[in-house]
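Structures given as structure tokens follow.
Both complexes shown next keep chain A, but they swap its partner, so chain B is in the first and chain C is in the second.
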Partner chain A sequence: MAKVFIYPGTSLILSDLVSRFGHRPLGSALAVRERVQTPGLDSPPLQITPEDPKKGLRYAAVEVPSGVRGRMSLYGPQIEEADAGIIVRDADLAFGCMGCARTNELVRFLLRRREIPLLELDYPHSDEEGIRFVAAIKEFLSGLPGGVPA
Partner chain B sequence: MSEAAAAGSAPTHAGVGPGTVAKYVFVDSPELTAADLALRAYEIAPAVQIKETCFGLVIAGAEAEVDRLVAEIRKFDPDRIFVKDRGFPPGDERRCRANLGGARPGFYGHENEMRLVRYVSSGLRALRDPKKADLLRAKPKREEEPLSPERLSAIIEES
Partner chain C sequence: MTAPVRIALLGCGAEYSGVMPEIYEAARQVEAEVFYPDVTLADVRSAGKGFGLDVHSADLKLMIARAEALVAGRAEADAVFIATCFRCAEAAIVRNELRRYIHEQSRLPVVSYSFTERTTSGTLLTRMEALVTIARRRALLARERQEGLTMGLDSGSATTKAVIMKDNEVIGTGWRPTTQVQQSADEVIALALEESGIRRSEIEAVGVTGYGRFLLGNAIGADLIQEELTVNSKGAVYLADRQHGFATVIDIGGMDNKAITVQDGIPGVFTMGGICAGASGRFLEMTAKRLGIDITELGPLAMKGMGKNVPMNSYCIVFGTQSLVNALAAGNTPEDVAAAACHSVAEQVYEQQLQEVDIREPVIMVGGTSLISGLVYAMGELLQTEIVVPRYSQYIGAVGSALLASGFVRKE
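Up next, the complex of A and B:
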């Protein structure tokens, strides 16, 4: 079973397909869960403590908006942990404020720089695109360690 | 800071303890409603916390139990049931719309993707016919693809 970073990190479709084909999707939910389940912290809404932006400094300089560093403290360790990645290029749902936009750019950059197996594709908008989308993801995931042969 | 957290004791929210997981279950099937799914889920895993929602379920509990439940409920309609991890447990006041007002944070993202899952369902169905999947993957992408008579007839039959 490989750890596959999904972009956008909140994607239902990618999370489902990765776990359906036998791998572990790494996304926002797991990072948030880790913070929610850590006892002794109570800093709503996301249990982000002053330690998190410090972790984010590893990925973004101090003059970068603190929102980017805060987000990178969630995504950065997951990118380092990932064995592979799937990026959806036309993900409108990843749209957000400048902090989200810069974090998204940085996440994609870091994934490409790590030189792990990476699949980039667009969301399907027809049945035929859906068939291509699912077939491409299945083929990609089958090639990863522990994947089910296509 | 809450009293429990200040005292360094267990988390203040049910189902938040280490080792528990929460997941969303989305159902986009003409043959299965969220209510049906909730009833069947209760039968399969009584120890798992199950919340019925407009789109499906939110389930929370021990990881092994939740994974077993997910594997079982996927069997009811494998191509049209989608599962995703969730950070917060069901009903958490930091996320539940009953406390916040307006749509739950994350709702719009799910709404956006739920418009596309029907195409993913088609892709999953086609996986059982590898030749068709291979053929379509090799086919060049077109900008506008008209609705085929076969697909129109399939939609009519489904509804």
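Up next, the complex of A and C:
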């Protein structure tokens, strides 16, 4: 089983595909769940505290907006932990969205720089493209260590 | 129990910066509640098409969709708070344009703020309080004449002021540097009472504003405890006799600056802040001290000089001080240095704050720094307009408080 970082991080469809093919998806759901289930904090809605943007300094300098650094405190450790990644370019908002264009650029860059197996593909806009989209993801995930054979 | 004022939050990055509890806390302290206006996915997808601003960040699209819903009446609110990350260029464009859009297309009071993870509820409190005042107390702010015998107190960061008013006239004033809040207030009250020749017991209502307003207001049982944004803008248009139509109020204070666009005496768009004391009256105090003169002499001295002869940038008070020392060491005249210091402070306020409000003439300068003629001249040059400095401008908060407090005078 491989740890696969998904982009956009909030995509439930990508998360489900990764799980179905035998791997562990890394994305917003996991990162936020750990925070909202941690007792003792009171920082709704995401339980992110002013300490988190400081942790994000590992990934972005202090002149980078706090919202970017706060997001990077969620995604940065997951990118470091990931064995592979899937990037869906220009996804529809309903497919998944991380809110901030600058964070998106940084996340994609850090994933590419890791030199791990990485699948980059465009968001599909027709049934045929959709079928090819899922097939490509299936093939990629099946080829990762511990993946379900295609 | 009065229903809380509902403040719509249009934000990007606040949840990820850890400042949401601070925003909620500031709202709670002024009996308001912050909420996100509901919009649909279709609203977000189409956001910006009518508005005309294409953005890449989805949270900014969401902000635009929410603003459009508020303006169209699909979402209801009493006021709007726009908050985006400090140093984000894309968000800064959206923040400014949305504030202007909401101000022009609706009657909702709106304030914007760019936060960092260090933003605290204390920083946000005055802005939230002003939003609540404008939303809830329009009737109070509609007052145009002072009635009865009232006292206004302004407990500022640098100075404490008191004014006593009777039948629409100022009859007594008091001014002291702020040391201990209560002690400074006692001193200025005594001065104002002495000048007016009345006894404290004769005062029918008291209004308090400024940083020390809560401590002081509770201690003396004030009828009105009010933040300085609404009080100062009200006082400014009252003293300048511009209570109808548009005006812009600029108050360069000892610790922060305020720029307020006023319509019919009610603030519409306002900013409050100042990145560094280099853009405040503190830098001018320091300049006067370095030149070995009293602060009251700085303005006339600056009027004799040519600021353009001296490079000075007080974006940061440390760099500004370096410029000051270098300028004097290079043999520049005190007149030119004084003029350059005034120009630098005016320029910082112009660049950092006046870009965030819509300048509407007349421009009224108030607060202690409005007595520094060199600063008023520099601001007029930058804005290419004649600045109005009304009589008693240095007592603006106290006059505004005394004026508004007369709404609490019980008529026989």
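Convention: the second predicted complex is superposed on the first by the 143 of 150 C-alpha atoms of A that agree within 3 Å, B and C clash if a C-alpha of one lies under 4 Å from a C-alpha of the other, contacts with A are read in each partner's own complex, and residues count from 1 in each chain.
FYI, a residue touches a chain if its C-beta (ideal position, glycine included) is under 8 Å from a C-beta of that chain, and two chains touch if they have at least 3 such contacts.
Computed from a predicted structure; not experimentally measured.
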| item | value |
| --- | --- |
| Chain B versus chain C as contact partner of A:102, first or second or both or neither | second |
| First (chain B), second (chain C), both or neither touched by A:53 | second |
| Partner chain(s) touched by A:65 [first = chain B, second = chain C, both, neither] | second |
| First, second, both or neither for A:93, with chain B first and chain C second | both |
| Residues of chain A touched, compared between chain B and chain C (which is higher) | B |
| First, second, both or neither for A:133, with chain B first and chain C second | first |
| Which of chain B and chain C A:147 touches, first, second, both or neither | neither |
| Contacts of A:12 with chain B and chain C, given as first, second, both or neither | first |
| Set of chain A residues, in rising order, touched by both chain B and chain C | 42-45, 93 |
| Residues of chain B that touch chain A when the two form their complex | 1-2, 5-6, 8-13, 16-18, 20-22, 24, 26, 74, 82-89, 92, 94-95, 105-106, 108-110, 112-114, 116-124, 126-127, 132-134, 136-137, 139, 141, 145, 151 |
| Touching residues on chain A, where the partner in the complex is chain C | 42-46, 48-54, 63-71, 74, 93-94, 97-102 |
| Touching residues on chain A, where the partner in the complex is chain B | 8, 10-13, 15-17, 19-20, 25, 27-33, 35-37, 39-45, 92-93, 123-136, 138 |
| Complex contacts: residues of chain C adjacent to chain A | 12-21, 24, 41, 44-45, 55-59, 61-62, 84-88, 90-91, 115-118 |
